[in-house]
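The following pair of complexes shares a single chain, subunit A, combined with subunit B in the former and subunit C in the latter.
Entry: the complex of A and B
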């Protein structure tokens, strides 16, 4: 097999494996790199391929390694890892064209596994580059004698022509809502809010720049300090971790709105949990979902794919004015033995005041006055987390404040609960929408006050009002370990970032989010009257046929249109003239031979025919054709006498 | 049912009689079906599509569709790789039986598009290549490429290429695009000369008296080796001096006439007799004798020279064969 062909295959496999490097176990990555280098060396030096038993034992060792690493051979992670390893190993036993073909198909297949991890625009561009390399190698495999440049050209043209056809297929291919079969648990990877909150769980998210969701407001956006995106509500505290506890009530919540409704649409990134995010408090959503008694919006199933919904919320409200006693009881649960100092402090406040609202204010001012610090990197806490925080470290992120505050309220006999979600968001002027990132994750508290219902209290606002009003970067000092972009970047970088995110948003909406519904909407808008799969198929086929026919016309056009050579055409005219004189040119006869024969038969034409034959040969077969000479030649033939046909 | 369909197809495709002159591959002469590789790719694409649907991978759809459409477009490329080629059969020089005939075909590519990886083989039972030797070649743009198709010559007489298949799987190997060529290309095959067959003792046309032919005694010089020359006559010394394969020539006095008569050949089998005659003609010509040929169906008057030798060999080669069209 051709050396450069093997280099092409090596490059193809390298390109399909490379994007997996960041999530493969390090030993698999190094094994693949090692195998590729080894193969490259063997090609370079022209040495023989390794023996079969050696390859078999490497394969066996690798498989055992994967089983040890993942505890299974199935499932997404283990399967992809195995596939990548086998592709690298297949290179080692590349002996004939069939093996090469298997590798080419394998490479195409492996590209798709990368889409489990990323489907961004850059991934798409990288896919095109990879395809280009693979197809070039593919063409090379079929015609080993063909040089690199024509190979690249064929591959590029093929790819370019496939693009518009792919667009037609993409728009019109009837979409089926997956999944077709059960997916392994690890089918989705994500970061996002959990329904457990312990010290450090939100500050971990604070470092992530991943997008949680994007929001477009129908009218004027609300004030920033009102953008509380409600997520899981946590009731049960075990002294360290907050969890939702056991759900006992399935009643719908009641609230009376005191403000105008606000409408918006959310594009939620998949986070593999059932909850949907809406502004406090949500009234109704465009997708089928359930509003729980504590105002959480739950999807029917975990959100595995990006989804879009519109929602309506009321930013000012009275929630559950008539709360069930059982709920109020749940709002007072405490691990009685833990955090004695905090319980004692709350008892002092209770004794000093009969008014619940006054106690809430006392607690907030306590945070404000006692020198608490808002930081992403709080010191570790001991077993009595609340006591250690309140009286020891006094440094914390939002979950510390929410947790301590709710604990104090409950100890003071005020029903309270922790609410997690997101706060704020970043406005993108380019796309006119808000981006809410994982770093906007937040936790706050709700207390139940008689006559007011559940009231939101954000203790973080007491310590770092900037966090609520301006965002995380404003609330933290510059030295904090914030993501680079969360600090204050230069203006041009900010605008570039907004442009890119706006592009990514369009990409998400129109390419990645192109599902059954969106397809229906798009096709209706394109003027399709009844969107059935039959209609789609018919339109798809005819669309493809038309475009392919156009390509065919363009590609085959110059094969069918004869481009008669002017010089040859007039020469043939001369031959016809002489044929009329009884001297037809034989098919095998060249110009000079013919001239000799004509000259012998008609000596009076000898000089002219020799001259013309010489000119013809020079014009037709010479390296350069001069305009002047060509005109003279044509002129001479036109002047050549015609003969009456001798029949 | 498939068999009858296949038969119908073959009848239709093969119905043309052999062609002379230049053949242009128009779209009516080009057939196309997917290869095994193409069908495998089809399976891979279906798998990928199922994965896309199941995991809701939009970019996966894009990749699957891109590959599908490239595969579909490659059909057009395969067709274009053959379309409007002009082909004519050239001459094939006569050979001796047991040698390989070399049929020349001229592929004229008048377009500005190079054609790659064209394959030519002698059509057997199937239209698919089934272990037959295949000649692969490219036809560069605006050029006339000569392709030599070797075919072993096993019997004397006319050797014909019969039906040839020209196919290409370029550019991706997913489609098998082919066309049948049935040129009236033939190659004359002389009988294989016997190795050791001394010339008959000279017999004069009038049949009186016998003269010994001294041709083996008088060394006259060297000439280039020609197929069929006896091994003992090769000038090995000259060969050792790197002057190429040469044959020692011996002279017989001019003016003597030699009649090569089939009846004089001592063999029983007619084919062996003809093989002996072939050797005689070669040797007689090599010795620069004047010789005539006498076969039961006629005779050639005595003469000498390459043209005479070839005519003699031709007569011998075609002797007693069923009437065939003369080219």
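Entry: the complex of A and C
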């Protein structure tokens, strides 16, 4: 087997294995690298392949290692790891064309496994490049004598030919809802809002640039300080951590005097949690979901795949004016005997105020006046977190303020709760949508006031109004801790990022998010009258058949059209030149006859034209066509003078 | 090309004045192992042509004058009972020669005609159950008088197809006729002619003619011609595949005469009048056109691919 073919196979395997490096156990990665290097050395030095018993023992040891590592050989992680290890080992027993073929197919299959981990554009492009390498190697395997450049060309042509077939399969292959296409739960990295909030949990998210969801507004977007994306609502406080507590009611919430409806669509990145995000307060969603009593939207199941929905919210509302006493009771829960100073402060406010609303205002102005600082890197807090924060450090991120505020309200006998979610977003001019990132995560408070229902109060707004109005980077005095792009990047970088994100958005919407509904919509628009899987299958089959037939027609064209002869072509060129001189050749006129006629009319050309006619007849009708003679003939015709058109 | 072949042409041209084309046609026909039909008035040199070719090529020559009472046995030969041995002895007819001049073939009955035509086709004759091979080379020049058709049996189209070519002699031009009139008696010259070639050499040339190369491009051209005759409404029927084969072998012989080892479209065009004029019939208004013009039209109508 020739060396460059083996190098090609090595490169193919290296390229398909490489992206797995970041989640393979380190010993498997090193083993693969070692095997590849070893194989490369064997090819380079021309030494013999390792003995069979050695390979067997390596394989056995590796398999045992995987079982030890994962406690199984099946499932995504263990299965893929085993596959990669075996692919690298297969290189070590590469002896004949059949082994090479197996490796090519194996490499193609490993491409698929990469999509278990990432389905981004960059992964797809990288895999395309990998596929190109694999197909080029495969072409090399099939036809040894071809040089690299034509091999690449053949591979490119093959991939191009696969393109329409891919498109047809992509558009028409019946999508099935449910677990058949779903990836295992651990396929998704879990980043995002949790339904537990303790000091530091949100500020950690503040560092993440990952996209939480993207929003397109049907009409004018709302003001920035109204973009509160409602997530988990937290009721229960144990002194350090806020959790939803035990839900006791399953009644529908009640809105009254709603106004300012707003319609929008959200493309939510998978976050492995059931909740969906909607603007305060959500009313209707296009997907089947449940609106809880505290206005959370819950999906039927955790969001494991990117999900798209449209929603309607009301920006002005009165929520649950008549709140159940049990619910109000939950809004007053406090951990026993904690944070005495905060309790005392609240009691003072209660004594000095005439109603609840005044206490709320007092609290907000307290935050504003007492020199609180808004920072991503607050100092650590002791056991009485609220006391420590209010009277000690006075530095905090939104969760500190929301937590302290709700604590104070409850201590002052006002029902209150913490709401987490996202605030704001970044507008992408290119795609005309908003990007909401994990760094936009936010926490705020809601208090229940008689006659007004649940009212949103954002204590962060009191100390850092910029956070609400302009975003995180504007609100922080020290932005060094933020990721580079969250600070103030150059304009071109910003716009580049918008372009890339717009592209990623399209990719998400149309490629990854092409589900049953999308498919239905697209096919209906394409004119398919009843979109059933039978129809799709029929259309898909006939589409594939048509495309393949067209390719076949094109590739077998030599059967029904003769390749235009090069000699003939240049001869006709000469005839055109002479036609310009007023001596057109009749269609039925043979070369010799024509030469005689031309020579008679233009004696100065006689010698040349006779020579050319003789060469032409010899080349076109003669038994042997010599390359050299053909080149000479073509050269002579090119040299033959052109004439100014006489007509 | 063989020097001797050149000499043959030269010698023939010295005797048959002003008819170089007809001489070449006849030779091409011979080289292509076909047979020639000359259709013209008496006295334009048909017989002389046959004579000259036979003498210069060194072929045994026989002339059969076709008459209405000619019987097949008169052509093929007959077995006669030998009293002394008590056996039948075959007496070969005039057909057992290398070159036959079948003069005024249309005056004989179809029975006699077909005896000749079958011999031409099969290069052998079967008499009283015994098959006898004809000599090689075997070449028949038949003549036919188109003017006086009363009491004649014109050859049907199917029989005409047996002839590779049909040519006309035509009157000589003034210059040639002057030479003819002022010169010595042709018959005397013919008698003095020396053969320029042996029959073995002729056979070799025939073999060479079959080996002349035909390129796919040329086949395209021949097929285009055949297709044209089949598609055009002006002909009663198109050319048969046999006509196509005849056209090719004639063109090969023509290329050999021109000293080339491959056929070019000009060869096809050159032999086309001889090969197709007796195979194509025009319909309607086109019948008035002479067969020569008809072929001219055909050549001009088909582009060389």
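By definition in this document, the second predicted complex is superposed on the first by the 502 of 647 C-alpha atoms of A that agree within 3 Å, B and C clash if a C-alpha of one lies under 4 Å from a C-alpha of the other, contacts with A are read in each partner's own complex, and residues count from 1 in each chain.
Going forward, a contact is a pair of C-beta atoms (placed from the backbone, for glycine too) under 8 Å apart; a residue touches a chain by one contact, two chains touch by 3 or more.
Fair warning: this is a prediction, and the values are worked out from it, not measured in the lab.
In the superposition on chain A, A:583 makes contact with neither subunit B nor subunit C.
Once chain A of one complex is fitted onto chain A of the other, the partner contacts of A:592 are limited to subunit C, with no touch recorded for subunit B.
Of the two partner chains, subunit B is the only one that A:162 touches; subunit C does not reach it.
Judged by the touch definition given at the top, the superposed model places A:133 against neither subunit B nor subunit C.
Using the contact criterion defined above for the overlaid structures, shared-chain residue A:618 touches subunit C, although it does not reach subunit B. Applying the stated contact rule after C-alpha superposition, one finds that A:66 touches neither subunit B nor subunit C.
Shared interface residues of subunit A, touching subunit B in one complex and subunit C in the other, do not exist. On the subunit B side of its complex with subunit A, the touching residues are 37, 40-41, 44, 47-48, 50-70, 72-74, 76-77, 80, 83-84, 111-114, 116-117, 138, 169-173.
Taken in their complex, subunit A has these residues touching subunit B: 101, 105, 108-109, 111-112, 115-116, 119, 123-124, 127, 131, 135, 138-139, 141-143, 145-146, 150, 154, 158-159, 161-163, 165-166, 169-170, 173, 176, 178-181, 183, 187, 304-305, 511-515, 548, 551-552, 555-556, 558-560.
For subunit C in complex with subunit A, the residues that touch the partner chain are 213-215, 217-218, 220, 261-266, 269, 299-304. Across the complex, subunit A meets subunit C through its residues 562, 565, 568, 586-593, 617-618, 620-623.
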